[in-house]
Structures are given as structure tokens and as C-alpha cells.
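This report refers to the structure that appears directly beneath it.
In order of appearance the chains are A, B and C, and numbering begins at 1 in each one.
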Amino acid sequence: MPKISGAKVISLGIVYEKRMLFKNRHVISMKDFSREEIDYVLDTAEKLEPVARGEERSRLLDGKIISLLFFEPSTRTRLSFEVATRRLGGQVLNLGSVEASSVMKGENLADTIRVISKYADLIVLRHPLDGSARMAAEFASVPVINGGDGSVHHPTQTFLDLYTIRRESHLEGLKIAMAGDLKYGRTVHSLCHALSLYGAEMTFVSPPELRMPPEIVRDLQKKKIRVKETDSLEEIIGDVEILYMTRVQRERFPDPEEYEKVKNRLRVTGELLKAADPGLKILHPLPRVNEISPEVDSTPHARYFEQAFYGVPIRMALLALAMGVIE
Amino acid sequence: MPKISGAKVISLGIVYEKRMLFKNRHVISMKDFSREEIDYVLDTAEKLEPVARGEERSRLLDGKIISLLFFEPSTRTRLSFEVATRRLGGQVLNLGSVEASSVMKGENLADTIRVISKYADLIVLRHPLDGSARMAAEFASVPVINGGDGSVHHPTQTFLDLYTIRRESHLEGLKIAMAGDLKYGRTVHSLCHALSLYGAEMTFVSPPELRMPPEIVRDLQKKKIRVKETDSLEEIIGDVEILYMTRVQRERFPDPEEYEKVKNRLRVTGELLKAADPGLKILHPLPRVNEISPEVDSTPHARYFEQAFYGVPIRMALLALAMGVIE
Amino acid sequence: MPKISGAKVISLGIVYEKRMLFKNRHVISMKDFSREEIDYVLDTAEKLEPVARGEERSRLLDGKIISLLFFEPSTRTRLSFEVATRRLGGQVLNLGSVEASSVMKGENLADTIRVISKYADLIVLRHPLDGSARMAAEFASVPVINGGDGSVHHPTQTFLDLYTIRRESHLEGLKIAMAGDLKYGRTVHSLCHALSLYGAEMTFVSPPELRMPPEIVRDLQKKKIRVKETDSLEEIIGDVEILYMTRVQRERFPDPEEYEKVKNRLRVTGELLKAADPGLKILHPLPRVNEISPEVDSTPHARYFEQAFYGVPIRMALLALAMGVIE
């Protein structure tokens, strides 16, 4: 049988002063990546985009087995990792949420990770507990990519948000509003941190109950990020380039009436958008409930479905870099 | 990376006067297809049959991702689509019933379809609601094949039934009996319509409670189809070429005793088959309960397992035609 | 489309006096295999090991569809069959436990097997009932590999245990201790039988409630196997080459206090291992509960994670032999 040569690594022609070292590196938290490293991942994703669209073929992950170990359901994350793997010619080993949680019950995560390391060439882990991805990385003998663990980290979501912003607008000095549940949303917390590396003007739009945690606001201000807080979309819609909407979950409100009020106030409608800049792009991690009214879908502002697509090239880039098949 | 050339379409050498247009066409209902188009699908399936049997290789769907989006379980339909895709060299993106129904909960079908359109090159949809496939097709940016929606449409089942009849007997002017639950069975309703395009003599065998709906009988008669109704298999077994059995479900009967009586009367046994034409072929969409006695399995009449196999080449044909890789 | 030539069978250069006949043979019970045949399977696994490790590529199962029909969950068995198939270039058709048990409900196993035989080139069956694999083999038109049925047979586990012992120690005249639940553990029963073909000194370590069934002990003694029984690991740890640990399940004990006592007595710790032979290797079919203390993991004695890996080459060998692609 043919030996796998070590010389299969290809170059996409992206050159940086400092040599980027991603091979066998775990992807656990955005905070582990410098701005230069993030740019390198985004550049790689852009090179791979035609493959993600099915317009070009790739065999970069030929012969590689990527294990998707999901201890809680997350359809979009799982599917985009699966598509990313397949479009690069790799194989997927699925361990779904039902199986993972019921069958591995009685075994500790460390043992599970050690066994899966024997089967697969890379592990994507989704787990409900804070810190589980970092812990898994310690026991794994293959690279681990955090597909979301607990309430803090979901780095591939942040990478895809950054990639979407770069592709649809621009990263440097961006005027962005984030709206919805800013208190519990790990997505926006992580995005704030990442955007702060590029400079930004940030507006946080939320009901008083769901404001951005003050320690995050203070941290941003220390980094010279201009921050504004409000509870009204009308007030800010004319002055932003990106509006990042998030869901407000009913469970956050003890009083259902209060939820109804908030829900309807933080809503993007055709009416609201009359005051928007023509270049405004609206993002949303999906699924949406009614934060964005359907008539918005057909406007050029709506980029949330394209954002879902961008999950594919960005995960391709992370998989290929961690496997060391491109550099 | 190599560009995917647009010239990959191959011809199987099937020539029709009118050029058939299937590329990017949705497959929602049998009523969307003319007799000539149906013949074209069946011809294509026949060409692909050696691939379905694993005797020949094909790369027709190489690099294509087929998403199986199943909101209700349907093992046979799912598996045969999966085998069809793989035998043609394509990739499957499975969204199982548990996941689909629990995770996508809170998101409307339109959004789900728009997201999956970004990931896959074609969507096979199975959904409990009438009309959901047609609706999905409106929101999809890729072809949609209806894998069964609600109580009316399940076109790939009808295509496979027609293909089975053509391979095992003949379509033109067929003498067919359909037996079992003819009132609620979408399979037989759709098959009646399709067979009427070829001319046929139809006998409907059912208990009085589960007779073929009168509007379907009238519709067939308008198309000059000779229709006979009875509740006895004995009476008709000597005079048909195809006997299409279906399940009678216990839930249809408020009175369990009534169910037992009906169940045992509409049963194909070795005894019954003594009066059958030697060329009679028995079909059943499966699973069966006890409509067909096990001693029948080893007779040359039994073609229901082969019928299950025919689901593979027919779904290959529909996938390849909708993807535009053959013409 | 290219015909699949029948000449694709490759030789790995393993030569036996007697020609081994595995093609289209079912793998149901260890008792169906002679010592020479077992050796042949182990030799084949060893040849395929670099492929299992991802160091070499293989297309032995290119174009083949392996159906994993699991009526009860068994993550390790399923995953290692899936990895084995993919590393050999084959395709997997997964029928998970949820689906298999809920959807196929109402259909008998014989019909299910007959249908899956139409879709796949080989069936791996996992089923809770004793004898179901043998029964399935009778109805299948493709080879069936028993992935565990009921309380007696799980031949691929035994093959992998033998392979692990051969790779990590030696088979002929082995000094082995088996510890834990020896009464209900099908794994150890089957391993006893298989090892008896090679001669062995066996020590059974268990609480009195969970002793090795006397008929197995008698059977071994008839075959001139030296057997010793004890309830103490300390007593025997200095005198064995392989220690095969198994789980003691809480459900076996009516009295929870009794369970706690037993559980803590049959435990491998760093302390215990001070008296062990330096060459001792510890195996465990996993998952473990607390039979092996974590500090043991980093010692050279611990081979249970490598044992999990060996499931891949051994299942590759069985798949390839049953499909007749090597000889």
C-alpha cells in the first residue's frame, strides 16, 4: 500500500513576515490568537472559498478522519464542520449528541478523548461545560477544535463572524452595533474582544436587564474602544456599518409580559431600515425567532444566510491549518 | 486547486424527440411529470442499475453534497437515497429526524432550507406537513426532492413502484390489483394516477371501511381506466399481473375485533396463490405486518424485496438528473 | 461507466499451507474459527496496521458499502468499524440504535436484513438477542459480521483482545489473569475459549458472587489449561504477563454496600503494581468505572487505550477478508 508522504503540504501563497505555526495546534479560545494569526486564518479561508462553494475541488484532507464529538446538539456548527471536511476530501466520524451523552455516560471525558484520539486525526468537541475543550486538549494525542464549550468560548463562531464582517464590510475601525441579549451571549462577548484588536466603535443595544457586562465594557474602554450603550435601535440605525442581532430568550425573563415588550422593541423591520445607511449589513448567528422581520430578508442589508455559509470556508481553514496540510 | 469544469455532464445515450429538462428541477409531485418525462427517468434508472448493484463504478456525483433533511423517520427512503448518492460517488449530509425536529425547533422551515442551501448541492426533504416540499422549493437555492410530505405526495416512491412494475412485468395496459388500506394510502393514490398515463385495468381490494376514495375512482373512470372494487382477494387473484399489497393499520379501527377480521381476510398465503397466474408478481412498499405470509417469500411471485432494491437506481436517476450531471 | 473487474483482489503476502477461505463467510462466533484461521486474521490485521494508523493509504474497500445495523448502542464497536471501513476507502451506511429500534419496530429482523442486503455489500449487526446474528446470516444475501448479540457472542472483541495480546505480549502459553465480573462477562468467556487454543495458564480473580461459571472452568481443564481461582489481585499480580480487567456492574448486587466492598477490592492501583512483573500489560475492554486508578494510565503497564486502537486493524482485516478483497 502506498506510504503517505510527508511532503503533501501545499502552500496557498499567503506570505507573512513571521512564520505562522498552526500545525497540531489546538483551537480553544480566541484569546490564544494574535491579530496577525487571526488575519492568517481569514486569508486562508478566503483562498478556500471557491472550494466551499463547490466551484473548485480539493483533496487537502484526503485520507484524514475528523471526529465530530458533540455532547450537545448544535446543528449549524456540526453541519458546517461536516461540509468543510467533505469539501476538502476528508472523512467525518460523527458522534451525535444522543449517542455521546447517553453512551459515554459513566466514562469520563478524558477516557473518551483518549479513545477517539486513537480513531481520528482531529477532534471537534462540543460540550456543555466551561473549560472542557481545554481539558480535552490535554488528554488528546491529536488536535482539538473547540466547537463551543459552556458559556464562554466558541472560537470558530467568532472566526466566522470576523470573516463575514471582513467579506461584507471591513474590519479596521468598524462602526458596529450589537443588539439583543448582550448579558448572556457568548457570541457577542467573544466578538467584542476580537474586534478590539482592529479598533472599532461599538454600540450595545439591549434592554436594561440584558446589558453588556460592565467588566467587558471597562475592558474595551481600557483598550481605547469607543463604547455607547442604548436600548433603542432607532437611535443608532443611521450610524452603523454592521448591525449584529442576537436572540432574546424567553427563559431570561421571569415575567412573560416583560419578555413580549422587550422582544418587540428590539426588532429589525423594513420601517426601521428606512433610516439605515445604504451600506449597512445585518448579521445574526441564527436561528432567529422574530428579531428580524421577514421583509428584511430580501433587502441588500440581510447577510445572515451568507454568514451561515461563511462558516464553511472558515472551518475549512481551521481544519487544514491544524492538520498541517497547508502553511 | 482544480476548477470544476462545466463539461462533466455525461450522456447515457437515451434519446428522446423532445429534449428533457431536468437540471435544477425540483421533484415535488408526480403530477408535475408527463408520461414522456417519467419514461425518461425510468430509462435513466435502468442504465444506472449495474451501478446500483455494485457491478459498475460511477463518479457522477463526485464532489456533490446531498443533504438528507428528514423531519420524520423513514428508514427505507433515507437509506436508499444514501446508497444512491454513495454509489454515484457523492457525499451525504444527514440531518436525522431526532436532530431535525428537536434542534430546528424554533426556526421556521424557510430559514432552515435557506441555510442548508448554503451547505449542500441538493436537498431531499421528508416532512410531516402537506405542501412543505413545495414551500421548501420556493426558498431553496438548490434543487429539492420530496422524500414524502404529509398525506399526499411521495413521488420517489411512485417512481420506484413504476420502475418495479416495468422491470418485473410491463407498464402499458397493466392488469393490477391494489389491496389493503386504499382510503388513506398515499402510495396507492399516487400510483393510480401514474398508471393511468399508461392505460390499465385496476381492481381495488379493501374492506368497506378503507375503500379507495370515490373522487379518485371517478377521476380514473374519466380517463377511461376500467375500475373494479371488491373485498375479496380470492375473487381476483387469477386475473391480475401485479398485486400491490399495502398495510392495514390498527389505528384506523376503533374496534380491535374489526381490525383482526379485516387483517386476516386481506392476506396473501400460499393457499391463495394456487389460483394465481404463474406470471403474477406481488409488490409491497414494506414494512409488512402480516399481509403476506412468510411461505410466499420463496415463491417467484414475491418481488417486494427486489422492489426495495429498485429504490436505489430510481433515486440515482432522480439525483443525477436534478444535479444535471447526465442528460 | 467502468465495470468493476473481478481481479481487484490483492495479496498481502501471507502464505499458509492450507488455503484460507474467508470470502463471503459470516463472522458469528469465535467457535467457528480454527486456530490457524485466527492466526490468519491476526496476520492480516498486522499487515494493515499502518493503514489503521493513517500512515499508509488503502483503497481495498473502494466502492463497497458497509452497513452498520446497531439495535443497541455500542459506541466503541461502531466507531472502530466505521474507522476501519473509511481507512480502507469504503463507505458506511449507519443505522443507529435510535432509528434501528424505533423505526424497524413492527418489522421482523428477517425482513430488515433482506432489505439491507439489497443496499449494502456487508452487514455488521449489533442486537440484544442471543442468536440474532446467526439468524440474520441465514436471511442475508451478503456477509454478516456479528458486532455483539446477546450475552454470548462478540467475536470481533475477542479477535481484538487476541490481537492486543499478541502485539503487546505473546499468545502461546500465556500467563493471564482475568479479573472483575467473570460470571456475566461474555468478553472473558470468549477470550478463555480462544486462548485455550494456544495453551495458557489462567487465573480468575473475582468476588465469590461473580466467579467464572463452573462449566467453563471444567471445559478449560479438559483442554489441559491450568486454572486457578482467587478473590485477591495482590496474591497473583507478581505472577502474570497479562491482567485483563473488566467492569463490575452495580446492577449485579442486590445490596449496594456489598457492591462498594467488591468494587474497591478489585482495583488496580499504583501501590498494587509495585509487586508486578515489569513486563505486565494491563488490558480492559473499556469503559472503565474505577477498576483502574488514573495513576496507572501513565505507567508502561497500561495498554487499554492502545487496545481500543487495535480494534481498527482487526476489524479492517475481518471486513477485507469477508469481502474477499484480500487473500
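Please note the rule applied: a contact is a pair of C-beta atoms (placed from the backbone, for glycine too) under 8 Å apart; a residue touches a chain by one contact, two chains touch by 3 or more.
Protein names from UniProt, one per chain: A, B, C = Aspartate carbamoyltransferase.
All figures in this text were calculated on a predicted structure; none of them were measured in a lab.
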Turning chain B onto chain C by a C-alpha fit takes a rotation, in degrees to the nearest 5, of 120
For the two copies chain B and chain A, is the contact made of the same residues on each side, with over half of the numbers shared, or of different residues?
different
Distance between chain A and chain B based on Cα centroids, please, to the nearest Å.
40
The positions of chain A in contact with two or more other chains are 94, 96, 98
In the complex, go through chain A and note every residue touching chain B.
50-51, 54-58, 73-76, 79-80, 82-83, 86-87, 94, 96-98, 286-289, 305-306, 308-309, 312
In their shared complex, chain A is touched by residues of chain B numbered 1-4, 63-65, 91, 93-96, 98-99, 102-104, 106-107, 111, 114-116, 118-121
